[in-house]
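Take a look at the structures listed below.
After this come two complexes, each holding chain A, first together with chain B and then together with chain C.
Take a look at the complex of A and B:
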C-alpha cells in the first residue's frame, strides 16, 4: 500500500472536514434553528474517507441516515450541504431534502436515505449500469448494522452476487441500530459470516484506523473494477453522538463515549502515525485544521443568511424526467 | 477413565473471534471459519476435558458473540453422555482487541491453569505466547496462515490438554519447548514472532496481513517446514529446519529479476509467487541481526505490526525460551501405553461377546 504525501494530506483534510462539519452541527442543532433531524457521523470519518479516497467520477455511492460523511467524501459541496441541512434554497437539493435526503447525482452521491436499507437496491442498479455500459465504475452501499438485517440488503447481496456486479456492501457497524445493540439483534455471530451465504468474500476491518480501511477498500474496489464481483466489508467503528441529535443514549455505558474519544479517535490515531514516522509535519496538519475551521464557519454563516425556498418552489422538482 | 489425580485441575480456552476475518479473504481465497464452528470446537473440547477430570474451564470474554453463544449453550441440557467441567468467564470488559487475549491469558496463568487451548492462527498464538509463561499450549488452527497451530479435531486436543493439566501424562514427557523470534526496537523489547518475522518496505501496517511478494526485504524464521503455508514457506522450500533444531535461518530477499536464485513459494493461501533470494544465513540461538532497511514495517507471523523509520534501530534475535506446546500425538500415545482410557470390568472374558458362530 503506497500513499503519497498529497494522498495523506487529502485524507486528513477529508476526515477533518467531516469531523468539524458534524461537531458544528451538534452545536447548531441544539439552538433549534435546523429543521428536521440530523444523524451525526463524528467518530466514523476513517470509513467514508478510506473508501471515497479510491473513487472517481465513474463511481456511485448510496448512504444512510448518517450521510454527511459519505457526501463530503464523494465531493459534495460543503456550503451547499450546510445550506441544505438548514433547509435553504441554495442547498444541494434546493432545501427540500434536508439532512436525511441529501444527494448530489452529479457527484455520484445517490443520497442519504430515510429508509433503513434503502441504499443497497440503488447500488445494484448503479452497479448494473456500470457493468452494462462498461464504464469501469463501482457502486458502494454504505449501510449500518440495522440495515444489515433488512430484507432489501439481503436481496441486494443476492442480486449483486448472481449478476456479479461491481458493488461493495460496506456495513458500518457502530454497535447500535438506533438504540438496539447489534450483539442482540444480528443473528450471526460475526457479520462477515453472512458473506459466504451470498458467495462473496467478507472481511472485517478496524474502522478507527484509516490505513486499514484504505487498504481493504482499495483491494475490494480493485476486485470489483476488474470484474471480480461484489464483496462485503464490515467496518467496526463507533459514533460519538446519539442515533439522532437529542437521543439521550441511556442504552450506552457511562463512560463509553469518553473512552472511545480518548483511545480510538481516528484523527488522533492518523496524526500520531504520520507525525511519528515523519511523513507529515504537525504544522502542515495544523494548517488544515485552521482551514477547515474557517471553511465550516463560513458555510454556517452563508447557510444562516441564505433565503428559504418560496411557495413557488413547492411544485418544482416533484417529478424527475429521465 | 480414572481421574483421581484431577482434583481442582483447570484449563484455559482462548478463542480469537477475529481470527480468519482479514483481507486475505478478499485478495486470495483464504478459508472462512464461522464463529459457529469455533463455538462447536470449544464445546467438543469441553466434553473431552470433562472426561479427563478437569474441574474448571476458564474462558476469555469477547464482544463478538462467541461468549454469548457459549453462555446460551450452558443454559441448555448437556448432550447425552457428556460431562462438562464448570465453565467460567474471566471477568473483565472486553475491548475487542488483541489486548483482550493478553489480559485473559495473564489471568488464566494467575489462576493456575494446567494448560491453555488456543483456537486461532499464528497471530493468536503469538499473543498467547507473550503471556503464557510455562503453561503448555494446545494450539488449534482457525486462522489464515497456520504454521504454529495444528489442524486437529478439538475433542482430541481437549483430551490431550486434560491429560496434561490433570497430571495423568507428565508435562515433561508430553511437551516440547518452542523457539521464538524477539523484536527489539532501539534496544527495547517490542514484540515477538513464533514462526516468521519479515521486513517489508511497505509504509503502513494497514490491514495487517502481508500477502504481496513485492518489497519483502528480509525474512527470519525460527523453523521452516517444506509443507508450510505463509512466509516461512520461502525458507522451508530452500532449507527446511525443524521446530526443535537449535537454530533458525535468516534471508536477504530481493526482486526475482535481480536474484541469482528464485524460490516459488505459497506465501499466503492461494498465492504462490516468485521470491528472489539474495543470501541465506544460519541463525544461531541468542544471535541478534540488525535489520538493513531504513523505513518499513515488521510483519510478525504474517501480520504487519510495527512501522519503523530511519530514526529506529530494529534488531531481531532468535531465542530458545518460547512457549511450551503439548504434542497431541505423543500425549495420546503415552495415554495409550499407560492404558489411561482402558479399564477392566467384572464381566468375564468372552461373556456377552457375539461371535460369528455363536450368534
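Take a look at the complex of A and C:
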C-alpha cells in the first residue's frame, strides 16, 4: 500500500503525539496532580495509528482502559483530552469521565472503557448501524490480550460473523493483562487461531512496525467496507509502562522494557525506514517532534490552569436526578 | 490477643486462617497472586490493592489467578461450591458484576430454594465497592442494594477491621452464597483485631454510639461519617444512636426498631444512589413497623441519582459526609440549619 508524503508525515505526527502525550502523563502523574487510574499506551502507537490512518468520519472505534492512543488516532482534541484527565470542566467529557472514559462520539470515538470486554458488543452495534444505514463505514473494536478471553468478545466475534458486519476486532497483544502473562491466560498460542472458529480471516502483525499494521489494517478495512464481513487482527506489541501508573512491574523480566525500547521503538523504526528510503528527511521529522513537544506542553499548561467543574455540574447529563 | 491491624490485613488474616483450617477453601480471581506465566516475580500483586498478598506463597495452587472472564470464573466458583469446595472468588470491583451477574443471581442464589432445599452453595464473592478513589463511573459504585434485593444471597458490609475479619470467617463457614462487600477507602483503616479466629453472626447490627435523641442507621464506609457527625452533634447536646447494619441480608430489624422506639427519630445514611437502596429499605421498615414511635419525618442521606463523577470536586460533592448527616439530624430535631 502506497503512502503519500503527506500521509507519512501525518502518521509520524500521530504516533509522536501519542508518545509525547503518554510520556508527559507519566511524569505528571508522579507529581500527584492527576487523579484516578491512568493506563499508558506508550510503545503501542503504531497500532492505533496503523488503523486510524485508514478511517474517516463514517467510521467508529471502541477503545479500552488504555485509550489515549486510540482517541488521538481518531482525532480527539488533545487539549480537551488532557483537560479531561486532569478532571477539568473544559475536558472532553466535562471532567466527568477521566482517563478511562475519554470519548468523542462526534469523532466516531465511542469511548475508552473501564470494563474489560465492554467494547466489542458496542462495535457490533456500530457495524450494524453502518450496514443498515449504508454509510460505508466500518467499526473497530480494540481489545487487549486479556479482553480477548471475555465472553463479550467471543459472543461479538460470532455475532459479527453471522450478521456479516463491517467490523474489525483488533487484539493488541502486549503480553500482559495487568500482572498476568497472556501465555498463562490465553488458551491458544496464536490468537488468530480463534478466527477460524468464527469463519473470519485472522491476521497477525508486528505491532512495532507501522507499515505492517497499516497494510493489514487496510486490507481488513477494505474487505469490511465492501461487504466482506469482519476480520480478526492480532497486533503483537509491548507496553513501555506498568499496567497503570504506580505499578511496580515486578512481574516483568530484568531489562525487559529497556531492551524493547532499544530495539522495538515504533517511532525509531519508522524514522529509520523513511529516512533510509529517502521518503522523508530528518529535518521534516525533527520539526514534527518540536511541534508535538510544544503542543503537549501547551495542553498540560492549559489543563492545569483550567477551572474544575462546579456543584451545578453534578446533577446534569442524567435524564432524571434526585 | 488483639492488636492494631488494617481492614485489608484483617481480610487477609481471615482468608489465611480459614485456608489453614479447611483444605476445601480456595481463592480465585484476577491477579489474586499475579505474575502467572511471566518471567518476573511469582506473586507480583497479591490482588490489585495487595489484599491477598502472601496467600499464594503460603497456599500455592489453592490461590488461583484467572483469565479476565468473570462469567466463567465466578460461575466456576459457584459450581465448585456445589461440588465440595468452599471457594472465595474475588470480583475485583463490584461494578464488574454486570459481566457475571447471571451466575450469581440466577444460579448461586436460586439453588437451595429452587431445588427444594437439597443444594448447598458455600461460595463467597469478595468485592470492592464505593466512591473516593477518583475511579469514575465504572469503578466506584455501591451496587450492594442489587444483591440485597435477591433472595438466596447474603450480603455483608463490614465497616471496621474487627468486623471484616469476623464476618469473613463467618461467610466462609456459611453454607449459602455470600456477597462480601469491601469499601476501597477502608482498606487502610486500622483497628483492634484479635489474632485468633472468631466469627460474627449475620443479621446482628452493632450499636456504635448510644443516644436518646436520633437514630442513625448506616453501613459500610458511612458508619465513619455517621460517627463523626454524632460526635460533633454530641457537643451541641444532640445525642445520636448510630447503628451499623453490618449485613444487609439478613438485616437486623429488631435493633433498628428498638432504637427508633426509644428515640422517635430516624436518619438513614447510605452511600448508594437514593432509589431502591438500603436507606429506602430501612425507612420503609420503620414506616411500616414503628410509625407510631416517630416524632418527625424520616430523613435519608444518600449519594445522588447520578453516576459517580470522575473530577475530584464532583466526587467529593457526590459522597455523603458528616456535614450532610448533621444537617439531616438537626432537621429531624426541628432545629434550624
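Rule of thumb we're sticking to: the second predicted complex is superposed on the first by the 318 of 322 C-alpha atoms of A that agree within 3 Å, B and C clash if a C-alpha of one lies under 4 Å from a C-alpha of the other, contacts with A are read in each partner's own complex, and residues count from 1 in each chain.
The definition used in the following text is that a residue touches a chain if its C-beta (ideal position, glycine included) is under 8 Å from a C-beta of that chain, and two chains touch if they have at least 3 such contacts.
All figures in this text were calculated on a predicted structure; none of them were measured in a lab.
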| item | value |
| --- | --- |
| Clash-or-fit label for the pair chain B, chain C on chain A | fit |
| Chain B versus chain C as contact partner of A:152, first or second or both or neither | second |
| Superposition-derived comparison: chain B or chain C, residues of chain A touched | C |
| Which superposed partner A:273 touches (first chain B, second chain C, both, neither) | first |
| Touching partner for A:310 - first (chain B), second (chain C), both, neither | second |
| Touched partner set for A:21, first chain B, second chain C, both or neither | neither |
| Chain B versus chain C as contact partner of A:202, first or second or both or neither | first |
| First (chain B), second (chain C), both or neither touched by A:142 | neither |
| Which superposed partner A:41 touches (first chain B, second chain C, both, neither) | neither |
| First (chain B), second (chain C), both or neither touched by A:211 | first |
| Touched partner set for A:2, first chain B, second chain C, both or neither | first |
| Nearest-approach distance, in Å, of chain C Cα atoms to those of chain B in the combined model | 11 |
| Intersection of the chain A residues that touch chain B with those that touch chain C | 183 |
| In the complex, chain B residues that touch chain A | 17-18, 21-23, 25-27, 32, 34-36, 39, 63-66, 68-69, 96, 202-208, 295, 307, 309, 311 |
| Complex contacts: residues of chain C adjacent to chain A | 30-31, 34-41, 44-45, 48, 65-69, 71-72, 95-96, 98-99, 133-139, 274-275, 304-307, 309-314, 317-318 |
| Touch list for chain A against partner chain B, complex | 1-3, 183, 188-190, 192-193, 195-196, 201-205, 209, 211-212, 214-216, 219-220, 223, 231, 236, 273, 276-279 |
| Interfacial residue positions of chain A with respect to chain C in the complex | 35-37, 87-89, 91, 93, 95-98, 100-101, 113-117, 146-147, 149-152, 176-186, 249-253, 256, 308-311, 313-315, 317-318, 320-322 |
